[in-house]
Amino acid sequence: MRKAIGTALALWLVAVLLPAESGRLRLATTTSTENSGLLAELIPPFEDRTGLKVDVIAVGTGQALKLGETGDVDLVLVHARASEDAFVAAGHGVDRRDVMHNDFIILGPSRDPAGVRDMGNATEALKAIANRRVSFISRGDDSGTHKKEKALWKQAGLSPKGRWYRDVGQGMGAVITMSDDMQAYTLADRGTYLSMKSKITLEVLVESDPKLFNPYGIIAVNPAKHPHVNYNGAMRFIAWITSPEGQNIISAVQREGQVLFYPDALK
Amino acid sequence: MIDSLVQAGKLLVSGDREVYYITLTSLKFSLSSVTIAALFSLPLGFVLGFRKFRARKLVIAALNTLMALPTVVVGLLVYSFLSRSGPLGGLGWLFRPQAVIVGQTILCFPIIASMAHSALSKTDLRLPETLITLGASQRQVFWMTLREARVAIISALLAGFGRVIGEVGVSMMLGGNIRWYTRTVTTAIALETSKGEFELGLALGVILLVLAFLVNLALHGMVRYER
Amino acid sequence: MSDKNIPLFRLRDLGYAYGSQTAVEISALDLEERQIHAVAGPNGSGKTTLLKLLNGLLEPAGGEILFRGEPLDRKGYARIRGESVLVHQDPYLFDGTVAQNLAFGLKIRKLSSRLIRRRVEKKLSLVGLPGFEHRRARALSGGEKQRVAIARALVLDPKVLLLDEPTANVDTASIKLLERLILRLADAGTTIIFSSHHPAFAYRLGTRLVFLEEGTVVPGRENIFKGAVENTDDRFTYFQMGTQTLRCPAQEGRFTTAVLPLDDVILSQERIHTSAQNQFLGRVVKVEKANHTVRVSLDCGFPVQALITEYSVDTLKVVPGEQFYVTFKASAIRLY
């Protein structure tokens, strides 16, 4: 009896631990990208056609790029242009391509104490919020959204400090929920906002400012630096996502009747 | 709160493939880790309980300290080894079940060893002495003493299991929360929470509790059947 | 080279401590084969520790134990497993039947079930528990449990049997059974080493006595004579040892052992007429000095020891080879 259990256990462990990796492509991306559901549309046709399995690791922008740097993934898809350029310049990545863009919006309570509604200017809005010291919630996690927020503050010539500026270190969904609870302002990506629209009372107060433009780039990890990466697979995926068909799929993703992403690869 | 319970029930009954998949994955990782950890920690607990050696107090102190490590820290430490830029990168275990199991094994090892040691040191000393004098080999003494203390040993295993089935730091860091591959109930909860889907997160949490409860029952049931 | 000259156990500078408390500190002790060694001493004197050390259940902190001339260390334990078994004071019985308990050691040695059954039956009869095979071991009385534990050891046919306080949790009837059993085993050639804090049991059964006090071996302060009661009248009981007879206080009983304190032995150069009933002529064999008292060993047809002062030794000129009269009262003798 005991021997039977012992052998069964041994076999089980072998089965779990030993299977070799074959034909897997690792893509690091941001949580907001993953949460938008875009990849769930893009990946299955790719997998069907190439027989490759795509493993999506959704983490913060900073961590995604770090994974590319250490060679633990084959591809990164993020939305932080400055960091992406630095990534390529440092030799961690090659073959960067534009993929798509969406935009950020500034959400706030409907009574709008800072008076930013329809300003159409993100930096002016932030100045107003800072002046009135109205509650603002920041992602604080070095994500694409957070990097954009920091860039905007810098552009406005401000470094926000004080009890009204809350740096929470949480994901987009949690931050939106918190902002709703506290009736505070926050910078969010449109995709996540749309997915939560029905559950919150916050409104879109500032949008369409070119400064809120949020471009996405895809970069293959440099095979010269990390010879083991699946460069071939990475290039095939980049080709797919920037192909007319791939770009079509991107533009077809909608939420609450609104388009989430605008394809950029074929401009 | 009640909504979550209802939602949890609905999830389970709906036969949602993904829910079943992540539940099984959680089980797979945690059971494997506890098993592997037990292979090393039970003999260690035995040696600590019955043999005197100089480093003994040091080992016990080290085990107690390891238990206090946050899961994320363990995740980071293992990551630094398994990353391609790390010494064991060649294994290619990162973002695969292997990495999570390594991390979780490290998590539950000190608990099982420490509790096993405590259990074994409370067993009647006459048992191992009787076994030895009658000619039993060290291995036989080990197994029979283990059997004698089996209730406390099961508790040790369950404590180890508890630590890993509900942890997210290691699974997230080392598994990457990859859908249909390394996503577990806990990483799914983290994901849903970050999306603001609090009710779904709670519902998954309830499922996790039910899972842990069932494992508890099963293990205790096994012990009674033996009698 | 004859094995007979090597003692079964030789202990030199043996030490063991529980934490900071020394339990055993024996500078020299030899235990011969085919004897019944009784280790006597008060509680806490280290008897149990000594037995466990002899059986390799404890590792000495210092010194050495030689078993049949070879050191008993980690590697030596295997040799002792085949030949010697220890029975605890309050034995641990496995949760099962008596037969299962006895069969344990044999199953490990991979004996066939038929052989096991036969041996179990035989040893159960030997310990006076015939037919007890299917009884639940843990449900037996103290004395029965003790005997099951002994039988469990005996099925392995050990050459050395160690019993830790075998009479401790046991009723009087069982004690008598135990005595007979031990004598039978000794007759068959088994070396028995048992510990007891009841002097009577130790004296009656022991052919060699070891006295422990606070972990060290102390020289005995009594003469121990083995023999049998020849006769009893209203005045005396006559205890015979070989050709000599001791006069002891009149009492009923089948005594095998007579005990005479060393202090009660008087030496004289000439025959004296006293109220003492026992007087023998003997020759001095050995004179040992220790702390202002002197232990004098004489041969009166049987070995006898006396404890006298240095002054007396000098005055009487007690030296080996000299003859003295050995005198002691009947009432100084205790019979067991």
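In order of appearance the chains are A, B and C, and numbering begins at 1 in each one.
The rule is short, and it goes like this: a residue touches a chain if its C-beta (ideal position, glycine included) is under 8 Å from a C-beta of that chain, and two chains touch if they have at least 3 such contacts.
This is a predicted model, so every value here is computed, not measured.
Q: Using the mean of all protein Cα atoms as the middle point, what chain has its own Cα mean nearest that point?
A: Of the chains present, the most centrally placed is B.
Q: Could you tell me which chain lies farthest from subunit A when each chain's centre is the average position of its Cα atoms?
A: Looking at centroid distances, C is the chain farthest away.
Q: Subunit A to subunit C: how many Å between their CA centres?
A: Those two chain centres are 86 Å apart.
Q: What's the distance between the Cα centroids of subunit A and subunit B, rounded to whole Å?
A: 33
Q: Which integer distance in Å separates the CA centroid of subunit B from that of subunit C?
A: 54
Q: Where does subunit C touch two or more other chains at once, residue-wise?
A: Subunit C, residues with two or more chain partners: not present.
Q: So in the complex, which bits of subunit B are touching subunit C?
A: Listed in rising order, the residues of subunit B that touch subunit C are 124, 126-127, 129-130, 132-137, 140.
Q: Write out the stretch or stretches of subunit B touching subunit A in their complex.
A: For this pair, the touching residues of subunit B are 28, 32, 35-36, 83-86, 89, 92, 94-98, 101, 176-179, 181, 191, 193-198.
Q: With touch defined as at the start, can you tell me which subunit A residues reach subunit B in the complex?
A: Touching subunit B from subunit A are residues 9, 12-13, 16-17, 21, 26, 31, 35, 55-59, 70-73, 170-174, 176-177, 192, 195-196, 199, 226, 228.
Q: Sort out for me which residues of subunit C touch subunit B in the complex.
A: Going by the criterion above, the answer is residues 52, 55-57, 81-82, 85-86, 88, 90-92, 104-105, 108-109, 152-153, 156.
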